[in-house]
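Each of the two complexes below includes chain A, the first together with chain B, the second together with chain C.
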Partner chain A sequence: MSNTKKIILAISFLFITLLSSCSSNGNKPGTSDAAEKVYVAPGQYDEFYSFMSGGFSGQVTVYGLPSGRLFKIIPVFSQHPENSYGYNEETKPMLQTSYGFVPWDDAHHPELSQTNGETDGRWLFINANNTPRVARIDLTTFETEEIIEIPNSAGNHGSPFVTMNTEYVVASTRFSVPIPQKDVPISSYKENFKGTLSFIKVDKESGNMNIEFQILVPGFNYDLAHAGKGPSHGWAFFTSYNSEQANELLEINASQNDKDFIAAVNWKKAEEYLKEGKGKVYNTEYYRNHYSNSTHSATSEKINKIVVIDPSECPGIIYYLPTPKSPHGVDVDPSGEYIVAGGKLATIIPVHSFTKMIKAIEGKEFISEISGIPVLKYESIIAGEVQDPGLGPLHTEFDGNGFAYTSAFISSEVVKWKLGTWEVVDRVPSYYSIGHLMIPGGDSKSPSGKYLVSLNKITKDRYLPTGPELCQSAQLFDISGDKMKLLLDFPTIGEPHYAQGIPAEKLINNQRRIFELGNNEHEYGLRSEKDAKVERNGNEVHIYMTTTRTHFKPDNIEGVKVGDKVFFHITNLEQDWDIPHGFAVKGMNTAELLVMPGQTRTAIWNPQNEGVFPFYCTDFCSALHQEMQGYIRISAKNSDIKLSYN
Partner chain B sequence: MHKYIIYIVFTLIALTSCNNNDSETNSNSSANEKLAEKFGLTLFELENGVGPIKSKLQIGEINNSLAEQGRKLFDEKCAQCHKLDERYTGPALRGVTERRTPEYIMNMILNPEEMTKRHPEAKKLLAIHANQMTFQNVTQENARALLEFLRMESSH
Partner chain C sequence: MNKKERILILIAAILLLGTFIFPIWKIDLNAPQYPEGIGLRIWIDKITGVSEYDLNNINKLNHYIGMKEIEPSSIPELKIMPYIVILLTLFGITVALIKNIKFLIAWVASIIILMIIGLYDYYIWGYDYGHDLNPTAPIKVPGMTYQPPLIGSKQLLNMTSVSLPDVGSYLIGFTILISCYILINYYKKVRIKNA
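Right after this comes the complex of A and B.
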C-alpha cells in the first residue's frame, strides 16, 4: 500500500470516528448493559404489561416491558377494521352517543382500577376528550366492555382517575360551556359558561358505571385530576387554568394570573349532601353502552337525568388551592400526604400538604371566595417548592422509595427529586418533548420503582424517516439505581399520551381463552353445525353460518336476489385458544368480521348486481385455510330461484 | 427393610406389564417396544395414547343414557369436523372403537395437540388430514360420554 493511500485511509478513519462520536440525536446507548436489560428471550414473557393511550388514534395499545414489544391494539373509541369493532352489528352500539354514531375520538388517560390504593388488574378506564366519554376495558378479555357519555361536559380531559377502591372514576371539563347548553354570545363567557366535575360510580362486582353526581364550578379550564389515598382518601383534586375566564387567544389571555387553582373536592361530604337531597336533577341526554360476553352484543341505553350539586348551596365540599401557574398535572404521592402540581408556566414545582390543607380549612385561612368556593392561603398549605425543576413541568410519578419524577416538556427531560427535602437529585434528557411519564403503579400506593417510561410527542431524527408524518415514542429508563439510565426507545401507535403499568403476574392467570359455546346467547348464534341455515323474511335474508377449520357451513347459497339485505351471522364453533376465523364476501361495504372461538359476529351486505360472489376466511387459520371459502349466488330481483343451501 | 419393599414394587411392576402383553406374541411385543422407544412413549402410551388417562378403565356394557349424553356433546363439539361414515375435516368415526382402545380415544379427545405431536398413529392422521384437531373444552366426564356414543355407533 502506498503512503498516500495509507494517509487517506487514516484520515477517513479519523473522520468517521469523529462523525459518529458527534452524533447529535442522543443515540449513544444509555449504558453498556442496556441491551441485556431489555432483552426478553424468544418465548419468554415480559415482567410488566403497559397500557398506553393511542391519543388521536382513539385506542389503547398493550406493550410488554422491558422489551417494548407491542401485543395488541384494544379498540375503544375508534372503529377498527382489523377486528371489525365499530363496523360489525354487535359492536356498533358501543360508539352511540347523544350526537349519533361517532366513529373516532381522542383518548388520553388510561387508568387501572385499584383496591386499597393498589392496582388490582380488573379494569382499565380511559377518557374520550372530544365527545366526552369514559370507557371501561375488561382485563380478562382485553376488550371494551362499557362506554358512558358525560353530559354537561366539553373537552373531557381531566379524566378518568380512580379513587382508592375504585368507588368513583372522576372526570372534569377542560372547556367550560353554557350548562345546560344554550345559544348565547361567546363574549358572555363570564356570565354564562360553567365547568363540571363528574363522579362516576363504579359497581364493585360488575364494574358498571353510573354518573352519581356532578359539581357545577366556575368557568375555568379543568385540566387534570387525581384522587386522594390513605389520609386523603375521600378527596379528589382537579387542576384548573384560565381562572382569567378568557374566551379568545388563551395563550396570552389565560396566562395573566400569577396563580390558578387546584380544586380540592371532599366527595364523602358531597355524598352526605346527596343523601339530604341537596342535588338538583337536570334534564339532559346521554348514552351508556354496554357489551355482553354472553349475547356477544352491545346495547345502548339513553339516560335523561343527572344530579348536579351547586357548591354555593353545599358548603365544605370544595376548596381552591392557589397554584402557580396554569397548572397541568396534579399527582398525589404514595403516602397520600403530598399533592404535587405541574405548573406548566411555573419555574418551581409546588407541593401542597394535605395535613396543612385540612388545618387551613379548619382555621378558615381563606384569602377570598369565588362563587361560594373558599380560596385557601397559599403559604398555609404549601409543603415545599422544588427549585429549578426544568422548563414546563407537567406530570409527576413516584417510585415508592421517597423519590418523585417530573416530566419537563419544554426542556425535554425527566427530573428526579426527593420528597420532603424537595431537592433535585438527577435529570436525564428525553427525546423529545416528553408529556406524561409512567412508573408501573406510579400513581398508586405501591409503585414498582424499577422502570420509568417517558412518553414523547416528537421523534424527529430518532428513527428511519417516513415522510412528513413521524411516529411518536416511548422511552424506557432504569430507575432502580441513584441515576436514571436510558435503556430503550420504541415507536408507538398514535400519541402515547399517558400510560399505566402493572406486573404481568396480576393479569396472566385471569386471561379468558375462549367463549363457551354453551353460553352463547346471541339472537342469531348457533351451538352446533347441524343448526346452520338460511332464512328469508321479506327482503331480509339471514344466513346462520358456522366456521370451523376449515369450512363454512353452509358454503353454497342460492336464491338470494338483488335488492335483498343479507345478514351473515357467523358463529365460530372452535373451542380452543387462538383459533379465530375471519369472514369477508366480495364487494361488501364494511370491514371483515374477525370471530373469536365461541363468538358470533354479523355483517350486512346489500348485493347490487347479479352473479356469483365468493366469500372466504380472512384470518389464516390452518394448513387448509386457502380451502376455507364458499359462494353465494345473486339472482335478478324477479327471479324465481328458490332459496337453497348445502 | 427398604430393599425388601423396593423388590416387591419391582416385582409388581414386572408382573403388571407382563399382564398387559399377555395376548400379544413375543415378536409383536418387541416391535412395539422398539416403536415406543423410538417415539419416547411407554408401552401403555403406545397402546392407549398420551394424556390424562393413565391407566386402563373399567368399561362395561354399553350404557345407553350415557351414550345419549355423548350424542348431544358430539353434535355440539365434534360434528363440525367428524361424520360417522364419511371423511370430513377429520376421519370417519364409526368403528373407531375397534381400531383404538377406549383410553386412546379419550386421550385423543382430551389431549389432541400432544397426541398429534408424540403418538405415531395420531401423527399419521394429522399428515393425512392436515388439520390440527383441537381440544374442544370438554371435561373427562364429557370424554367418557363421547366414548360411549362412539361405542354405541360402532356396534351397529
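Right after this comes the complex of A and C.
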C-alpha cells in the first residue's frame, strides 16, 4: 500500500470515527434492541398500567408500559371540557371547597392503594397542592370518586401516601401557616406558624375517606412522606426542610442548617391517645365531595370539626431524625428496615435503620427537643451513607433485588446502588433534570423490577420544538440487567411529578364497561325512551331526554322562552360497550356533555335570543351519527306558544 | 324389552328435560365493531343474549336495516315448547313403564316429527325477520335480505352470522339415538327368532 493510500485510509477512518462520535450524544437509546423491547404490536396489551400525575394540569394520566402510549386523562382537580367533568351539574360538586368552586389545582403524587404492602388495584389517591385536598380514583371506572379537603394545611405537598393496608392516607403541609388562621405579621413566623401531619382514614369496603386526626408540628416545610411496612408498619415518615423557620428568601435562608429532619410518627400510639380522648377538637371548615355511580351525581358535605393532637401533650408519638440536607423524598425499602432520604442539597444519601431508631428511642439517645419532640442522635440511627450519589438526590425506589435507584436532579441522572453495602453500582443520564422516578410497585413490599420510569422536568432538544412551551417527559429504562438501559422517551401531559405502576392483570378484569340502566337512580334519569318528557316549573324548563343509536328523544322542542333556564338531562340508554353519546346545543356557555352508557348528565342553558337552535351528538356513535340531531325553538318572553315536544 | 333397555329409555326421556337448562340453538355474530362477539341463545322458552345486553344491542343494530325487534314475550312458540317437552318426557316415561315397542316407535316418531316442525318453524321465523323489512329503514341494500342461516355461516353486510344447534339439541339427539339403538336391537332379536 502506498503512503498516499495509507493517509487517505487514515483520514477516512478518522472522519468516520468523528461522525459516529458526533451522533452518539445521548440521543440514541443504549441498545439496538430497545425498539423491540418497547414494541407492543397493534391489538396487543401493555404489561403495566402507569398512572402519572398531571402536575399543573390537575389531572392524572394513564399510560401503558413499556409502549409509553397514552390511554386516558382522568379529570381530578381541574375542569375537563372533553367530558364535561366540573362543567356538568353532576360533577360540579366535586370541585367544591371551603373557598368555593375551585376549577384547577396542581396534582403531584399518585399513590395506589395497598393490601399487605402490595398494590391491590382498588384505588388511586392523588394530592392537590394549592388548595389542600386528596382525591380517590376508582380503578374500575377510572373516574374520581371522592375528594376531601384538608383543613389546617397549606401546600399539601407531602401527600398522599398510604400505610401498608391503606388504613390511612397521610398528608403533610409544605407551607406552615397560623393554625387556626389569623391575621398576624408574617415576621411572627417562628411564634405563630405551624405545620400539620394529617391521617386520613380509608374505609376498607367503600374507600370513603375521613380525616381521623392531625398532629400539630413545628413550623418547618414538610415535603414528602412514606409509611412503614413489615417491621416498621405502624409508623409513617415525613421529610422536612426549612428547620431554620425562615419566612423570606428561603432559597438562602432555609439552606443554612447542615441537617433538617425526618419526622417519624408512631400512628398506632397516636390512635391510643385518641382513644384516651387526648385529641382536641378544633372548629374549622372543609368539604368532602363524593360521587355515586348509581345517582351518577356528586354531593358535597361540609364538615366543621377536626381532631388535633399536640405532641407535647402526647409523648412518644413523634421523633425527629436529623437528616442532611433539606431532604425531599423519604422512601422505605421493601423489607421495611431502611429509611432512605433524598437530601437534595446533601452530598451523600443518608439511610436510617428502623431497628436502630427504635433502639435509640428506647435508650433515649436524644440530642435535643423541639416543641416537645425529641431529636434523635444521627450516629445512633444511621445505617449507612451512599457516597458520591450524584448532585441533588431527590427520590428513591427499589427493585426488590437488593438495589435502590435514586434520582439526582442537578446532575440529571439515575443512580443505582446496593442496599447494605451502600456502593453505587451504575448510573445513567436522564434527559433532562429528573424529579421523581418510578418502578412499578417500587415503593411497595414486592416491586416488579423490570422497568424504571424517570420523570423529567425539562425536554429542551429531545423532541420536535413546539414554540416556547415544550412538553415534559418520561423516560423508560430497562433495569432487568446489571446495567440500566434507556429504552424510550415519551412526552407527558403537565408535569409528571410522580407516577405509580401496576401489572395490567391486576386491573384488566375489574373494568366496568357500562352502567346498568336498571340501577340508574339519577333524579332526572330515565330508563326508557317512552318516559322522555319536557316539564316547566316557573321559568325552569327540565328536558328529560334520552339518547340511543341514533336519535334523541325528544328531538323537536317548542314553547321555551327567552329568559328560561333550560336543563338538558340526557340519559344514554345504550347498554353496549364503548357507545357513549355526546350533547351540545348552539351557543351553550358550558362544555359538551359526554354521557356513558346508562349514565345521566345535565347541562344548563340560558337562551338569550329568539330563534331555532340545533343540538347534536358530539361523539361519533354510529353510521348515522351525523343524523343524530334536533332543534329547540326559543320564543319571546311574552309568547303564548305552549310547551310541546315529539 | 329388558331392564337395561327400560332404564335407557327412562334416561332418554329425562335427557329431554335438559332443554330447560341448556339452549337449543345459538346464533353468533361477528363484526369489526364487536371483537368480543355478540350473539343470541334460543331456549325452549326464551331468547337471550350471550352476555346480558346482547339482545338489546342486536335489536339496536337491526333497526338500521329495518328488521323487526326480537321481542321474546311476543313469540308464541316459546310459550308452547315447554309443554311439548314435558309431554314428550312423560310419554317416554310411560313407554319405559308399559314396555310396549309400538309406543316406543310412536314416541321416537313424535320427537322426530316435532323436531322437523320446529326446524321448519325456525326457518319461517328467520325468513320473516330477514325479509319483512321496514321500508323506512336507513340502510337499504338492493337485493339484500337478512335471513340468518338455518345451520352454518353467512355473511350479512358487516356481520358474519353463524347458526348452530346448541347443547339442548344435542340432548334431544341423544334421546333419539338411544331409542333407535333399542329399536334396532329389538328387530335384530325378532329377525333371529324368526329365522
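The criterion applied here is as follows: the second predicted complex is superposed on the first by the 622 of 646 C-alpha atoms of A that agree within 3 Å, B and C clash if a C-alpha of one lies under 4 Å from a C-alpha of the other, contacts with A are read in each partner's own complex, and residues count from 1 in each chain.
In this section, a contact is a pair of C-beta atoms (placed from the backbone, for glycine too) under 8 Å apart; a residue touches a chain by one contact, two chains touch by 3 or more.
This structure is a prediction, so every number in the text was calculated from the model and none was measured.
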Item to complete: Could you check whether chain B and chain C clash or fit when both are placed on chain A?
Response: clash
Practice prompt. Go through the superposed model and pick first if A:512 touches only chain B, second if only chain C, both, or neither.
Written response: neither
Item to complete: Identify the partner contact of A:576: answer first if only chain B is touched, second if only chain C is, both if each is, neither if none is.
Response: both
Discussion item. Taking the superposition on A as described, I'd like to know which of chain B and chain C A:72 touches: first, second, both or neither.
Written reply: neither
Worksheet entry | First (chain B), second (chain C), both or neither touched by A:623 | both
Worksheet item: Looking at the overlay, what does A:418 touch: chain B (first), chain C (second), both, or neither?
Response: neither
Discussion item. Which chain, chain B or chain C, ends up touching more residues of chain A in the combined arrangement?
Written reply: B
Discussion item. Does any part of chain A touch chain B in one structure and chain C in the other, and if so which residues?
Written reply: 514, 548-549, 574-576, 622-624
Worksheet item: Can you name the residues of chain A that touch chain C in the complex?
Response: 514, 548-549, 574-577, 622-624, 627
Fill in: Sites on chain A touched by chain B in the complex
514, 516-518, 527-530, 546, 548-551, 553, 573-576, 579, 622-624
Worksheet, complete the sentence: Contacts from chain C onto chain A in the complex sit at residues 36, 52-53, 56-57, 60-61, 63-64, 138-139
Worksheet item: What residues on chain B touch chain A, complex-wise?
Response: 75-77, 79-81, 89, 130-132, 134-137
